[in-house]
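In the two complexes that follow, subunit A is the common piece, with subunit B as its partner first and subunit C second.
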Partner chain A sequence: MSLRILVGVKRVVDFAVKVRVKPDKTGVVTDGVQHSMNPFDEIALEEAVKMKEKKLASEVVAFTLGGPKSQETLRNAMAKGADKAIHVEIPEGDVAKVEPLHVAQAIQKVVEKEKFDVVFVGKQAIDDDASQTGPLLAGLLDWPQALYASKVEDGGSGTLKVTREIDGGLDTIKVKLPAVLSADLRLNEPRYATLPNIMKAKKKPLDKIAAKDLGIDLTPQTKILEVAEPPVRKAGGFVADVPELVQKLKEKGFVKG
Partner chain B sequence: MLSTLCKSSIRPSIYRTRWEGLSSAAASAAKATQNNAQETSKKPQETKSFAMNLFRGKAVLDQVFPYPLNLDSDRKETLQMIIGPTEKFLQEVNNTDKNDERAEIPREVLNKFAELGAFGALVPPEYEGAGLNNSQMAKLAEIVGAYDLGLGVVMGAHQSIGYKGILLYGSEEQKKKYLPDLASGRKFAAFCLTEPSSGSDANSIRSTAVKSADGSHYVLNGGKIFISNGGFADVFTVFAQTPIKQADGSTKNKVSAFIVERGFGGVTNGPPEKKMGIKGSNTATLNFDNVKIPASNLIGQEGEGFKVAMNILNNGRFGIPAAMTGAMKFCIQKTIEHVTQRTQFGKKLEEFGDVQEKVAMMLARHYATESLVYMLAGNMDSGVMDYQIEAAAAKVFASECAWTVCDDAIQLYGGMGFMRESQLERVLRDLRIFRIFEGANDVMRLFVSLTGMQHAGKHLAQVAKEIKSGGIATLLSELTKRVGGGNLGGSSSELVDPSLKDAAAKLDACMMEFGKTVEKLLIKHKKGIIDRQYELARVANAFINIYAMAVTLSRCTYSHKHKLSSAEHETKIANYFVEIASRDAMSALKVAQNGHDAEQALIGSVAKEVLDNGGLVQKHPIDV
Partner chain C sequence: MLSTRAFLTNSTRIIPSLSSSRFGSTLIVAEHNEEKLAPITLNAITAANKLGSDVSVLVTGGNAAQIGEQVAKISGVKKVLVAQDDKLKNNLPERVAPVVLASQKQFNFSAIVAGGSAFGRGIIPRVAAQLGVSPISDVTQIHSEDTFTRTQYAGNAVTKVQSSAKVKCLTVRGTAFEPAKEGGSAANEKAPATDIKTDASEFLGQELSKSERPDLATAKIVVSGGRGLKSGDNFKLIYDLADKLGAGVGASRAAVDAGYVPNDMQVGQTGKIVAPELYIAIGISGAIQHLAGMKDSKVIVAINKDPDAPIFQVADFGLKEDLFKAVPELTKALP
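The block that comes next holds the complex of A and B.
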């Protein structure tokens, strides 16, 4: 097979950052905060690059819908093995208003223009945890989907064999191509971007398309009323032994009898 | 002036050899960096170096203000991309404690690090390097220094000195042949200067490389000790004496630099040395037994090896302050975790004034060192050449700050700090070597003072000559300088953020006092200053403090200009640092000016009596 794979990558607040809510409660602080590629997208990208290394794929293209700063995420994707990148650009100030449907619509337009056999996305982004881009896109394109992939293999005759982690076991399915895939945590261990590859990535093509030229409607469908810190956990106490623990639980009414 | 001095006939010859190294190091570094057309003219050279000018009593601040750090968005992005993987590697692949315990960093780990591109940071991409500049490289060294100083030494011995000679002075053929393998970490390099009888006095090496009769190759013989990466490196930059024909037909031995491959034959190494710290870094002796080196493997010109060695060290010197900054950050982080948790006498440790003072001093030392690192690297990136005094000062300052910061962290940890588990004891052991290698700090202090005074002395001599020959203008300006109490010709007060004005005034006062002190000492001791180590060490200490203050104020001003959210906090750290450092500098200058003859006489005779005796002289109070 020589598939062309489009990988969706999103610039998110780094997983190690302690997120703080803005004083006006409209969102979280992003200024001067470390950002990186959404970890599940990294996994999707890694799988696509592996598929290319296994000669299952011929080309890996990274895609993002985001502000000017998300170019860095695309360069990073190219440093990790994507051959080129497509940047659907919106003003940095609009980034927080982007919803999964907008991303799915943008990818749909790109896929309609250029032929891709697989669109690979992360199962969710760690900022909004929506998990919607993959399934929405499959719906829009009317393609089969294989979500939460933990293993991807050649299924023969234009199909992929995808293993999914589900409650209580593994679910193995065959999807006909073209298809939408989403990556789960245990699919692989993403590689590092290395300095030599970062340098090489600077020479790889990065196409910029203004969102408005794609003809998609970015009007938000949801309105954020308030973003708040989770309530502070009260300090716990130590108990000497199990009987005391049971006693305490009874006192608090967590255990009956 | 000072370099010719040591050769003057009144000095015993033992002095000659002892001093030639240091003073000619000063001279050759000075020459190499003041590479302008004036070299042949008799007039002393003009330079924009802050240090050089300060020794002449002038405040030339062009290379200090504005803060020279200047990374474009592309370079920042590259750095941003590599920081994550580097930290991940250091946390997940490299195991610092294990490296320390086993006294080895496994080759697979080094290979992984090589894949990241960490061994070819400064090498241009056409030779398979990453093409980073010094500021980017400094940040990388800082991160490595925070996690594993042993790995930092492997990295530094490889690229900051090991193959730096090829990068700086190599021919196109040499670069093409060696750099790709070295930058990619397929091969490792080592820098071979030190010998059993030649450490600080590097010019006195005894290894020899004699050219074959047909001129096709050199034959190298000699032994090197304490060579980092010596046990596994494949490519060596080796310094050896080559006999060189003089104009009068006689031959004289001069140091030359060579690229030696292990595969040339006759290269053997000893077992890994057992060390106090940086145990993961391999240190070994090397023996060269009739090693045939192709003539084309000479680096630079015959006889220029000493200059090559000094400039390699000079060029890579900012790497140590960078690693020290990282190590201090680690110690500070550990300290914060501890003093905010530990309760004694019913209070958290952080509530005690003495603890707060230790923490504040740690922060000041770290801030000043970090400021020095990116000052040096930024200046180097913008093409500044005459930074040898500044780099030496930063090396001394950084390695001593890191030592004290780690020591204080251990103190605040109490008994826990003494335990392996705290990791601080390892850092302390690792840090000790940084005050010794790449120029022992005591010797670096002399280098700072002597290089600066040599420059100042030349100008002083020139002034005297001009006045003698009727230079009225010179005479007048000297008179006004003396009557008016000196004229710095520049002031940091005009350049700093308004919040730092008082601190800048303190700095200006120190700079004024510094120029006066140097002039007084030169007039008093003339050429004899070279043997006044008591004064020289204190002048160096004052300079180091002054430079650190100037750099700190410049960096803090930069933070205000760029509206960093921490600017106000930084002002406090900078003001605190200047408070302490200006006091130290003034007191060092006072002592240097005074000379304290009685004290110096005591030092000399007490030391001599015991050294001659071969043991303590005093009787024990329990005289049994």
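The block that comes next holds the complex of A and C.
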């Protein structure tokens, strides 16, 4: 097989940052906050690059829909092995209003223009926690979907065999190409971009397309009314030893006697 | 003649708007394992009833008629649509989505809902895309037919949203809604027939973790272990304690990544979200991503030898002690 793989990557607030809600409750503070590639997208990208190394794939293209700063994420993707990148650009101020449906529609347009055999995304973005782009895109294209992949293999005669992480364990399905895949945490261990590769990535092609030229409607269907801090839990303090803990559990009714 | 036509166009304009506001109806896509209804569907039924409309449940699968009988007895269900077909066995999303869409076409539901499980998160957006609407994931509160609360950023932002989508496509967080109880007597009918293509995907098999313990997502008590356990063998300490308490067993990502326990035991942002009466975290530091999966537990107990571990900031009772000493002692002290 020599598949062309499009990998969706998203620039998000870094996973280690403890986010703060804005005092006016319109969103979370993102200015001056460390951002990086969504961890699940790194995994999807790594798998696509591995498929290329195994001669399963011929080309890996990174895709993002985002503000001008998303370019860093695409350069990073190319440093990790993507051959080129496509940036559907929106004004930085509109980034918070983008819904997974818009991203899926943009990918659909790109896929209709150029032939891809696989679109690979992360199982969810750690900022909106929506976990929608993969199945939305599969729905728009009417392609089969293999979500939460923990193993991807050639299934023979134009199919992929995908092991998925589901609630009670694992299942294995075969999807006919073209297909949409999403990556779960256990799929692989993403590589680091080396300095020479970061330098090389600067010369790789990055196509910029303004979202408005793509002919997609970015009108939000979901209006954010309020973003609040979660209720704060108060620490109850320490117990001295196991007998005191048992006593407390008895008082709460978890232990009889 | 002219006036009749004017009347007809008028009424067709009025009726749909009425049906979406006053006579709205919700479709729940049921989840099951071909033998039993998945508990999260019961939570979804409770959530759907908060939308203030009639609730129908669609059951698809190779054994849908029997599952449909189970669903018909659930309180709060008005109608059960049954699509029994061997092609629907194992409920592959490529095959279930056309049945949902055919049902939508016939009954014009104002909302389509499923539990926020791997199944629900796979089917709801796929259906939403084909209806051209933005879905809303993992809803924790329903305020009205169009206003919902969900969390973002690993539970660190609670967001209230209003959807203008013509059909609300939702997945709901199981632990945020009580399970619906028995006591209903809904009518069962056949789901609208549709062409189910089978060439796009094929189910090859599954490997489920077998356990006699209560299901993690719905257990009243959960005991979880982390990196501090140091090995898979040492997880026996966790199992022994859990068995004394009749608890489900969970794990942090570190314990899963280290291979101590299987993936489906992971509690957190990217694993399972639990909200038991009692959560006992053992050898777990309490990273943001882990807290996202358990901080709605009623009572949290933490056992950790590091007094600065973030888990102690959310624990009702913290025990600063070596788990290898404290856990066996605790297990022994319990009746």
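Just so we're on the same page, the second predicted complex is superposed on the first by the 240 of 257 C-alpha atoms of A that agree within 3 Å, B and C clash if a C-alpha of one lies under 4 Å from a C-alpha of the other, contacts with A are read in each partner's own complex, and residues count from 1 in each chain.
The criterion applied here is as follows: contacts are C-beta pairs under 8 Å (C-beta built on N, C-alpha and C of every residue); 3 or more make two chains touch, one makes a residue touch a chain.
Since the model is a prediction, treat every value here as computed from it, not as a measurement.
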item	value
Three-chain arrangement built on subunit A, subunit B and subunit C clash or fit	fit
Partner chain in contact with A:Leu137 - subunit B first, subunit C second, else both or neither	second
First, second, both or neither for A:Pro196, with subunit B first and subunit C second	first
Partner chain in contact with A:Tyr148 - subunit B first, subunit C second, else both or neither	second
Which of subunit B and subunit C A:Gly32 touches, first, second, both or neither	first
More subunit A residues in contact [subunit B versus subunit C]	C
Subunit B versus subunit C as contact partner of A:Asn76, first or second or both or neither	first
Vertex subunit A; arms to subunit B and subunit C (CA centroids, nearest 10 degrees)	130
Contacts of A:Val95 with subunit B and subunit C, given as first, second, both or neither	neither
First (subunit B), second (subunit C), both or neither touched by A:Ile209	neither
Closest Cα approach, subunit C to subunit B, once both complexes are overlaid on chain A (Å)	9
Contact footprint of subunit C on subunit A as seen in their complex	13, 15-16, 18-19, 21, 27-28, 40, 99-101, 104, 123-124, 126-140, 142-148, 150, 161, 164-176, 184-186, 220-230, 233, 235-239, 241-243, 245-246, 248-249, 252, 254-257
Subunit B-facing residues of subunit A, complex	32, 36, 72, 75-76, 79, 192-199, 202
Contacting residues of subunit C [partner subunit A, same complex]	33, 90, 92-94, 97, 117-119, 121-130, 133-138, 147, 151-165, 199-209, 217, 221, 245, 253, 256-257, 262-264, 269-270, 272, 277-278, 288-289, 295, 299-301, 307, 312-321, 326, 329-330, 333-335
Touching residues (chain side subunit B, partner subunit A) in the complex	74, 77-78, 80-82, 84-85, 88-89, 115-118, 120-121, 125, 128, 130-132, 184, 565
